[in-house]
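Once you've had a glance at the structure underneath, I'll fire off some questions.
In order of appearance the chains are A, B and C, and numbering begins at 1 in each one.
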Amino acid sequence: MEDKGEGRGYIVSYQGLEELFCRLKEGWRVVAPKLKEGVILYSEVESLRELPFGHRNREMPGFYCLERAEGYFTYTHPVNSLKAFLHPSELVLMRVRTSDGCLEFEVCNSEGNFCFFDVRACDLFALEVLDRVFVHKNPHPDSYYRKLREGAFVVAVNCAYATSTCFCTTMGTGPEVKEGYDLLITELREGFLLEAGSERGRALLESLGNKKEAGEEHFLQKRERLREAEAIMERHFEIGGLPDRLYGRMDSQYWKHIEKRCLACTSCTQSCPTCFCFDILERNDLKLKESERIRVWDSCFSPAFATVHRYNIRQSVHSRYRQWLMHKFAYWMDQFDLFGCVGCGRCITWCPVGIDIRQEIKKVLGSE
Amino acid sequence: MRVGVFKFSSCDGCQLAFFDLEEELLLLSEMVSIEYFLEATSYNRWGELDLSFVEGSVSTPEEEERIKKIRESSKFLVAIGACAVSGGIQSARNYEDFSEVYSSVYKGHYVVNPFSRPISDFVKVDLEVRGCPINRRALKEVLVAVMHQRSPQLPTYPLCLECKRKGNVCVAVAYQKPCLGPITVAGCGALCPSFERGCYGCYGPVEKPALEALQGGYERLGLSVENLKELLRLSFNGYNRELRGWL
Amino acid sequence: MPVCDSPYNLKEGLVVRLIRECENVYTFHIATEESAQPGQYNMLYAFGMGEAPITIASKGEDYIVHTVRAVGDVTRHIDQLKEGDRLYWRGPYGNVWELEKAFGRTLLLISGGLGLAATRWVFEEALKSSIKRLVHIYGSKDYENLLYKYLYEDWSSKAELHITLSKPHPKWKGRVGLVTEIIEKLELEEDTVVFICGPDPMVKACVKLLESKGISPENVYASLERHMKCSVGTCGHCMIGPYFVCKDGPVFRYDLIREYFEREEV
């Protein structure tokens, strides 16, 4: 375990943040939230000014809009997630060429060299989830993910706000950033509290110019900010023993009710920061001399997802919904020792018909 | 391989997808023999064909006869585009009083059936390529697949999946625009949502589209049942088998 | 990090022997010295077509055996290979039949259709081991689709081999009927170990019958077939309940998989 230097930190001004950002830009491809087409999206950014400071995302089931707010880190997580960078929606795995009955393989493995700047607790936890799925709990570690992920520098931010679809407190993932970061920012009244979570984070922090050591009052303020976010969120259900309680409801009549409401459109799985399912496609030229093997995002809601001999084992929409919900909140725990849900609420906001997974879980738990 | 391209009631737009193949078109012309393609060549023969592409809907008595002949002489028949797959925009008349449509649109000059129907209402179709018009990616996929004996990998999943892969923001949620993406087959590259417009369904419905769920969910966007039905009737795919019963 | 560690890297081997089993089904001997165990499978690749999971039907010192039925794009192209052609694959993947559990006991193998390819190797290994009594039941839909006809004589001289067809055929002197009808007539000890591979409904019917004969599902192992794309536990297609068939299976102790396998649409 690296020395995080618990309880130590520095206060910097906005200029201090800019200095930090410039230093990061020197060594990394910086990915941060950015305003785009009326929403906030993780994108590669060139300067700190591109961040959506002073904007606030308002979210409800099936609804998203932006408002103005006082301060800097006034929003929550972006619409997309870091999955888009580490497990790209379309990735060429290899190119295969044929000559005289022999095949030549070119493996397409690219490096990430990412700095993820302004990552909230839920999305940071999602990184841990993906790390386990692709590498740490996978007997055949995924070289593609690993190469994009390896060495990524993470600057996390503590949330002082939550939207109506956030439920990190229920899932136990936030709003407080606890581990898995290099640097942590908390916006306070008189500046930004910077804390290091790794040796390289500490080294970078120590090397910054204008800063002053944080005192006890700053850590108290940090607690207050976090409590502001916590207060917005309701505790929806108890996660202790949740997998077992769900396993006991697999034959519940409840599932049938979702059939009339769910579009099986895949939006929830695609918006999710941890849904990892993919398909592998072959893309060929007309003469069939070269073929690319491409990995693309797939979804358990896709009509051909569980097809065996041209027959999809999960014909009904409700069985696909059950698969998704059970995977996230029960199977995942057996597979990877944590939940597949980080409580970010993206599946709720981005469901075109506003199905709220928190309510559905309550319904299934309350059913026979 | 002998290939034919045929036109029925349509705008000819899908045939243009062949010319869209650009540099690959030359390669293609070396690999296959175009036997029949009125839009492309003056030398048209009509004999046995390995692969036929049919554009357009069947909407006249003459077309009803002609499609049967094409089927008989084709080993593999592909319906291309919304007209051939679902009846096209002209199938909007299937939901109207035909005598009114006939007098106002055709003014008594033509012999036209009361209904504009998809090819599959008359003959067995081996493959459907969706879209208004179809795009070159799908066309190329079909050509590669048929030439190299594999099944074409055309999407059966909803547009939302393709839209999200592309990194788009959902227009139904972010801009409150009614979007038919959730019930429409992917393949267009999420063209409309990429320009902040709602999908209007030109690729036609997915299998078992969740019409009632969509209708219930879109009420909050101010879309009534009648509005949604109107949208679908004008989606160029209004007479698709998956929609007919509901509209 | 070297680029060669992709989990999708393919190996190459020559087809050294080719046997036509029946219409659309061929058995390939592929030269390789890779190690593998009964129950495991490989992902076979066909250029421009994709991959298909195929069980390892048997193994010699310097070759592996795959039996492939042309049902999809990949298998159709693999079935066109000739002796001397190159085959590309990756593997072996998946877990193994727990043969040791049957040492000193009765081992019952049940296979349906192409499922025989999945029980063949473990049967061959069982013949060499300290199994008390070895019974192999194989059901095929018709005479034309019987696999490994050239092995029956040898097999039946060494173990109890019961073959049954769903349909009669003039050339067939043996039994006609379902595999369950044979199981019904067998005298089996309660600690008999059972390995099954076949269509889902056959597996379910067999387990039900075996239970009525006092054989616990804890002693029954089934090799399952599900949609597999990556075979390394990442793509999610083959999930059944909390299990990935590709890496937690394909062989499952029946009592562990039962509640997912027997439930509709899981």
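Couple of notes before you dig in:
The definition used in the following text is that a residue touches a chain if its C-beta (ideal position, glycine included) is under 8 Å from a C-beta of that chain, and two chains touch if they have at least 3 such contacts.
Nothing here was measured: the structure is a model prediction, and the numbers come from that model.
The central chain of the assembly on a C-alpha centroid basis is A.
Annotation: A-B is the more contact-rich of the chain pairs B-C and A-B, by number of C-beta pairs in contact.
Put simply, the C-alpha centre of subunit A and that of subunit C have 40 angstrom between them. Measuring from the averaged C-alpha position of subunit B to that of subunit C gives a distance of 43 Å. In this assembly, the C-alpha centroid of subunit A lies 37 Å from the C-alpha centroid of subunit B. For subunit A, the set of residues that touch two or more other chains comprises 281-282, 284, 288, 298.
Shown for subunit B are the residues in touch with two or more other chains, namely 148. Annotation for subunit C: residues 48-49 touch two or more other chains. Remark: subunit C residues 1, 3-10, 12, 47-51, 71, 85-86, 88, 225-227, 229-230, 232-237, 239, 241-242, 244, 247, 259, 263-266 touch subunit A in the complex. Contacts from subunit C toward subunit B in the complex involve residues 48-49, 72-73, 76-77.
Residues 93-94, 96, 98, 101-103, 105, 107, 109, 133-134, 138-144, 146-147, 150, 250-251, 276-282, 284, 288, 291, 293, 298, 300, 305-309, 313-316, 319, 322-323, 326-327, 330-331, 334-335 of subunit A are the ones that touch subunit C when the two sit in their complex.
Interface residues of subunit A, counted against subunit B in their complex, comprise 36-39, 41, 62-65, 79-80, 84, 89-90, 260-267, 270-271, 281-282, 284-288, 296-299, 302-304, 317, 349-354.
By the touch criterion stated above, subunit B contacts subunit A in their complex at residues 24, 27-28, 31, 140, 143-144, 147-148, 153, 156-158, 160-161, 164-167, 169-170, 172-176, 179, 181-183, 196, 206-207, 210, 212-214, 216-218, 220.
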